[in-house]
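Take a look at the structure below.
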């Protein structure tokens, strides 16, 4: 089947595929180029290679079950999608989340934002030849993911931010783990500033290339770091403050020319701001009540003791995620509506707990918001991540639509690369941070 | 003399082994799909290689010319001091003539494409 | 221009195109007639209201009701930090609505996606083709009538 | 076992050993597992310790096809093309639940496991699999390469 570019191509030009399986195209993006030598005369973009039917799948899942699907949207900062979905549902149900859960949510989404920018800039730098920057930034990301893993149990697809709060409280030594992660990230940022900021090769590849004006950026519906690189101040955390962002002091870096270098620099400065937020929130979260050290020991410990003498302490039966015990529930989960999974202690010990647990997961029960539609958006790694949910009163969403920020950003790529050279496609595409899961949904 | 022959023998043998090991050992599984060009997994957009525009050809020719010129300068650089002024004069005229050719091509508009 | 009289202002400006307006959970919603969509949108885009950004454009398939598809637009005005939701209901099986490509550039891809997923035709769209699915795919997956797990493989699969 | 057979088995083991520790992989990355692939390939968990670190972005130079992430029906022909363009001997690793069996996406868009398209040698479950599981999958593939009868030109087809 003849594509548009084949029809419009001049006879003496060369047609080239920067196809789906290309290292710089993140595996799911195809650009068909009409080249005259190295100069791009015409470009056609084809997306949809990672269309996994997210919105259709959500229509057949209950509100609680589709939470893991939201991790896999922008899989570079999964917790921000969770946050967007959870807060949209809270807005629809009209419930309030306790103070501590809000602060933990801010901490988690800022950690995700820093790891999002780290991954994006690492990929962009590597595609322009700076492999060392890739290794440094991946190392920094490991420290951030350690904090996320110890809190949520999984490195990336956490499903940690639930409707009505968070899954578990912070783990024992979370404060110095966060301190170490922030220190390591700051050290890597200093190195990368030194490596790339005045690097002549990087400047030649990015300064003035892929530039877009303010009006075009707004007309394409750009949001997030890419829009701020053109100088427009729009950050959902400042425009519509949610969680506890209004009580935290951070500023929003702006670029001037909106080219690749500005997008790179805005992301670098934004990481610095996110680290500032993390430190402030870490200060706000209090650890006044020491965790009640119950007399339980781990099953493995009991086995080891068992061999020599009979273990006196009670063995911890359900090695559940640390911090999700019943006594921590009031601080991390809302009590307004039955939207929260009952604690395991109740479920396994009392009859009511078992019934409420069974009812929560039974078909037709669980979370049933009133009829109607709602739209809410949070500031994601690429821009405004918005969820539009239409509910018809049952326990499954009638329609769930994600406003994917990088869908709008990437739709401008044809205009940005036309007339430029093949080598300019790579930094332009890298600085846009196209994420397949979010783009094709 | 012996070391020279020995080293030639050993390294020559090593080179031969590396050269032909692949064709000797590699399994032969003819696969028609492998003959087609690989363009990132998507069907290629043009089967034939289309003729290239004239300016490319001219620039290529000019490059060839100047490249060969540079090749001659390498041996000269080795023995530059021994030849003294005469050598220098010869090289200067050689480069001057080629520079004239380059300026002529430049003025004929070889570098400004429509 | 405060929130309340903003809606009155808009209604005064477009008396017959706007059917009704509402305020659900803090979001302003306008229901616009299908024919009046383009004038309302271009009116909202510039001058007094300046909704400069088309945040989002999507469609909802109400299989049961007689006008089956409902287009939902989200506009955002940078200067006033206000969001506006505009709904247009399209009758019948083959839904048709005029395109907004002239007003906002991201409407091009968004409308192609809605065409691909729902089969809503946009009048005036430069090249209305599938964007997410592949050519050989029949039907529109996000319609309620399309079965959830009906695969249409592009190459023969070994089962 | 005649003298000649002894020779070929020794030679087989030598060739197997050489191929096992010099795997050039083609990262066919599409989705979220790519993030875990980055962690596995980078300094912290480093697959280069096992000889598989060098990524080749053209199938003509790759021995191992690492299919990472969801393969949708639209991408299936591209995966098929990449696999056919690879040189013999070649191996395939299905990295992540989506590549193994379609994972959590059982709907109209995703291929339910890449073994419907290409033969797979090692399956790494997990969504995404932890980097340690990736290294374990790699070791299992190396074990398989070592023990399988090597295929080379002059070998009598037994």
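We call the chains A, B, C and D, going by the order they appear; numbering starts again at 1 in every chain.
What we mean here is this: a residue touches a chain if its C-beta (ideal position, glycine included) is under 8 Å from a C-beta of that chain, and two chains touch if they have at least 3 such contacts.
It should be emphasised that the depicted structure is a prediction, and the values quoted were computed from it without experimental measurement.
Q: Determine the set of chains touching chain B that also touch chain C.
A: Output, common partners of chain B and chain C: A, D.
Q: Of all the chains shown, whose C-alpha centre falls nearest the centre of every protein C-alpha atom combined?
A: A
Q: What is the chain whose Cα centre is as far as it gets from that of chain B?
A: C
Q: Considering A-D alongside C-D, which chain pair is linked by more C-beta pairs in contact?
A: Pair with more contacting C-beta pairs, C-D versus A-D: A-D.
Q: For chain C versus chain D, what separation do you get between their C-alpha means, in angstrom?
A: 44
Q: Using mean CA coordinates as chain centres, what's the chain A-chain C distance in Å?
A: Roughly 26 Å, centre to centre.
Q: Centre to centre, by mean C-alpha position, how many angstrom separate chain B and chain D?
A: 37
Q: Where does chain D touch two or more other chains at once, residue-wise?
A: In chain D, the residues touching two or more other chains are 74-75, 77-79, 82, 107-109.
Q: Would you pick out the residues of chain A that each touch at least 2 other chains?
A: 19-22, 48, 51, 53, 56-57, in rising order.
Q: Any chance you could list the residues of chain B touching two or more other chains?
A: In chain B, 40-42 touch at least two other chains.
Q: Which of the chains are touching one another, listed as pairs?
A: A-B, A-C, A-D, B-D, C-D
Q: Looking at the complex, which residues from chain C come into contact with chain A?
A: The contact residues of chain C facing chain A are 24-25, 27, 52-56, 58, 60-61, 72, 74, 78, 81, 83, 85, 104-106, 108-110, 113, 117, 127, 129-135, 141-142, 146, 148.
Q: Mind listing the chain D positions that touch chain A in their complex?
A: Result: residues 27-32, 34-36, 38-39, 42-44, 55, 57, 68-70, 72, 74-75, 78-79, 82, 104-105, 107-110, 127-128, 130 of chain D touch chain A.
Q: Quick one: in the complex, what on chain A touches chain B?
A: Of all residues in chain A, those touching chain B are 3, 5-6, 9, 11-22, 25, 30, 32, 36-37.
Q: What residues on chain D touch chain B, complex-wise?
A: Residues of chain D touching chain B: 15, 58-60, 75, 77-79, 81-82, 84-85, 87-89, 151-154.
Q: Applying the document's contact rule, which stretches of chain C touch chain D when the two form their complex?
A: 133-134, 141, 146-155, 157-159
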